[in-house]
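Here come two complexes built around subunit A, the first alongside subunit B, the second alongside subunit C.
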Partner chain A sequence: MSVAVAQYAALSRRSLLTTVRQPRAIIPPILFPLMFMALSSAAFDRTTQLPGFPQSESFLQFLICATIVQGALFASIASGSDMAHDIEEGFFDRLVASPVSRTSILVGRVFGSFVFGFFQAWFYFAVGLLFGLTVEGGLIGMFGVSLVAAMFAAGVASIASAFAIRTGSSEAVLGAFPLLFSLMFISGNFFPRSLMEGWFKTAATINPLTHMVEGMRAQVITGLDLGEWMSAFVIAAGFFVVGITLATMALKRRLAVAA
Partner chain B sequence: MEANQGHVVAQGLVRRFGSIEAVAGIDLEVAPGEIFGFLGPNGAGKSTTIRMLTTLLKPTAGRAWVAGHDVVEDPDAVRRSIGVALQDAAIDPLMTGRELLRLQAILHGLPRSTSADRSQFLLEMVGLTAAADRRVGTYSGGMRRRLDLALSLIHEPAVLFLDEPTTGLDPNSRFALWDEIRKLNREGGTTVFLTTQYMEEADELAGRVAIIDEGRIVAEGTPDKLKARVGVPTLQVTIGHGQDAIGAESILMRFGEPAPASPGAIAVRLEGGASGMAAVVRALDEGKVQVEGLELHMPTLDDVFQEATGRRLEGAEPTTEPQPQETTPR
Partner chain C sequence: MSTSEVTWGIAQRSIILISRLPSAFFPSLVMPVFLTISFAGAFSGIVELPGFPAEKAIDWFLPMTTIQGAAFAGITTGMGVARDFESGFYDRFLASPASRSSLVAGSLLAATLRALAPLTLLTIVAVISGANLHAGAMTIVMLAIACLGIGLAAGAWAVGLALRFKSTQITPLMQSGMFLAVFLSTAQMPIDLLGGWLHDVARFNPMTNVLQLARQGFLGDVMWSTTWPGLLSLAGMCVVLVGFAYRGMQRVIP
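The block that comes next holds the complex of A and B.
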């Protein structure tokens, strides 16, 4: 294993470890989407019979992908806030004062979120299956959805890291949270676009998250669909490209004061 | 070991933050194998200097070389040659001591086989074997500093930078850390560059001391030479309230030059040494001056600081040193 790979792996591992070892930080982002999923599947189950509602067996089947994306969003913002914490506490200085490659500082963090997002998706599927969820795309469908979720988690983590590196304040990162949160709600993630009207429908249609979740949802509701999966993955990758670019710029800027 | 491996040189080093000049032109040279103490109050520019020497901050002007490498031109070579333990022991509380050592080893590109042995060796050296697999969050302040020291030594650096290694430690932990640093320097020949706001620490540890105030070096030399420069002991006399201060002062000045004193007291440098104290007391008694307190001070590095700056080091008013990590880089 080359030195660089070992460094990337070690920093990803550390990022994951520090996430997993903070029960207070890890339980809410996992549980909140889960509670939301439980409540709304019970409350809105009969809406699936409304004319115009996408063909789905249950509201749970409709909702599961939105829950996965919401979970990834929460966890990755927490990871970005950890990055800011590293800057506040001086761990970032320890990294910068060592000959480790500058990009591994960022990549380690973002890859940690990728891995976390992947397994978090499987966790939600497992809970859903316990409560009678059927996934038309089967194991491959779930794998595909998890991959999109992981990519999206990496994207959000890099956007949050950009914030973290730019401001050096974990509060600022958490403060940016409502912005992404509203993006999540003004979408077709929690309710089908076919039943929306007016400006909300327009906003939801513009929102890339709508299309990402719809692409994921197709794997669950209708079965394997490579075209839908591709569009979901491309959107997630788009978040990642934007995020990693912003984060790299922020890192360059911060390191410019260093030698 | 190459001739310049443990060498630290700075020439006209300047760092400005906006309009504030945190470091205002510093020249210094530390020889390989030396323990060099950088003594000054809070906000004097110690941390800013150490951040420039460890490549964490770019100098506004001037140049510096560490272990023969230019800190701006070749920062990676500098980083490979130095160990750094910064002020607020930057240690992740969620990881164990051993995990952090292994991570540090990987950051420095040590092979896996070496890193396990090296980690164990360092844990033993700083006396943390029993706590090695506990999370750092459960460590005491002294344990954290010792771990931080071990972390900075993982790659056997030629130069070790310690930024206020014992600030906030209790005396026992402080003495233990001093022993480690001495041993390291004696046995491994590691050059040690340490900053401190404690004159006692500089006096005890450092072979050579530079005193820094408001971004400039105001005095430099071995602790003994510096103290000898201030010279003779000082006698400080506190007189009773409502006493004739001017009269008392004129009596005291017969015995030597005036020295800066605490409020409500008069101090004199005893030209005749400490044995001249009896004569002073007699003269004050004859002059009917009511004395409330008498203190004899042998010269300390604090006196050297006061001589150079007119202020005392211990309890000096901290001025705010800009902390680069908290400012938005422009």
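The block that comes next holds the complex of A and C.
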């Protein structure tokens, strides 16, 4: 294994362990979407009978992908906040002073979120299956959805890391949270666009997250659909490309200032 | 200083802290507005459901998000008490000759007053967005009673926890307790349209009656039959949770 790969792996492992070993940091991002899923699928189950509602066995089947994306969003923002903590506490400076590759600082963090997002999606599927969820796409469908979730988690972690590197403040990272939270809610993620109206429907249609979740949802409610999956993956990858570009620029700027 | 002077002094300090530390209070103002827009927009289609009692989704969701905002505004008072413990400032209160009950009463008064902020903002949102105020001014009066009561109850819950744990680390429990109290009720759907376990839980959750009290003017006329269960539930919640806060204060050792 080359030195660079070993460094990437070590920092990814550290990022993942930092998340997993802090119950206070890990439990709310996992539990809140789960709680919202339990409450909404019980409350809105009858809405699946509304004319225009996509053919679904239950509201849980409709909602599961939005829950997965919500979980990925929350956990990745927490990961960005950890990066800011590293800066606040001086660990980042120690990494910079060490002979470790500069890109591994970023890649380690982002890859840790990718892995966490992937397994978090499987966790939500497992809970859903316990409560009667049917996934028409089967195991391959779940794998595909988890892959999109992981890519999206890496994208959000990159965006959060860009904020963290730029500001060096975990509060600033958490302050950016409402922006992504709005993107999550003003969408067709929690209710079908066909049943919306007015400006909200327009905003939901413009929102790329709507199309990402709809592509993921197709694997769950209609079965394997490569076209839908590709569109979801491309959107998630788009978040990643934008995020990693911003984070790389922020890192270069910080390193230049430090030098 | 008399007990009432101490109570007012503590409440005043808590209110002034809003301008000194806006980042702690701001979310309790912004979140309910955002949730109102999100719920009313995303779930606009549910009014088509047979048996759904509202003409517009905003009539159904706005009272719920206002109550949620009042609850979070009340909780910020408890967060303030926890912060004061961490900085050691609360120990100075405890060492002073002020009666302990007046310290609690001051925080609870502040929690109730803080609930006025989301209430005012959401009332403006209701008017601007064209929500139905079927009962005219009584619509807002009923909403205000529910909000002030919930502000007090949430404040008592949060202060009670702050007095026991003396740390801001308890904030997630303060918030999730109130979040669950609101959402394990008819927050999202009317009781007749709820199914399974949530229907059973919502039936016994006093928050269901409080929401009925707050919503009635948005859905139709204000009637005594839909008012008294809410008032009784609010009174019950306040008695239990204010007792929880006072009991916490009795146990505090500086």
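The rule is short, and it goes like this: the second predicted complex is superposed on the first by the 258 of 259 C-alpha atoms of A that agree within 3 Å, B and C clash if a C-alpha of one lies under 4 Å from a C-alpha of the other, contacts with A are read in each partner's own complex, and residues count from 1 in each chain.
Following the convention adopted for this analysis, contacts are C-beta pairs under 8 Å (C-beta built on N, C-alpha and C of every residue); 3 or more make two chains touch, one makes a residue touch a chain.
The model shown is predicted, which means the values in this text are computed figures rather than measured ones.
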With the two structures laid over each other on chain A, which partner does A:P28 touch: subunit B (first), subunit C (second), both, or neither? second
>> A:A43 in the overlay: touching subunit B, subunit C, both, or neither? Say first, second, both or neither.
In response: second
**Request:** State whether A:I186 touches subunit B only (first), subunit C only (second), both chains, or neither.
**Result:** second
Self-check item: Which of subunit B and subunit C A:E197 touches, first, second, both or neither
Solution: second
For A:R94, is the partner it touches subunit B (first), subunit C (second), both, or none of the two (neither)? first
Subunit A residues contacting subunit B in one complex and subunit C in the other none
The answer for subunit C against subunit A in the complex is residues 23, 30, 34, 37-38, 41-46, 48-49, 169, 172, 179-180, 183-184, 187-189, 193-199
Given the complex, residues on subunit A that touch subunit C span 24, 28, 35, 39-40, 42-47, 49-52, 171, 178, 181-182, 185-188, 190-192, 194-200, 203-204
Subunit B partner, complex, touching residues on subunit A are 3, 6-7, 10-11, 14, 17-18, 21-22, 86-100, 166-168, 253-254, 256-259
Given the complex, residues on subunit B that touch subunit A span 54-58, 71-72, 75-76, 78-80, 82, 84, 86-92, 94-95, 99, 102-104, 106-109, 112, 135, 151, 324-326, 328-329
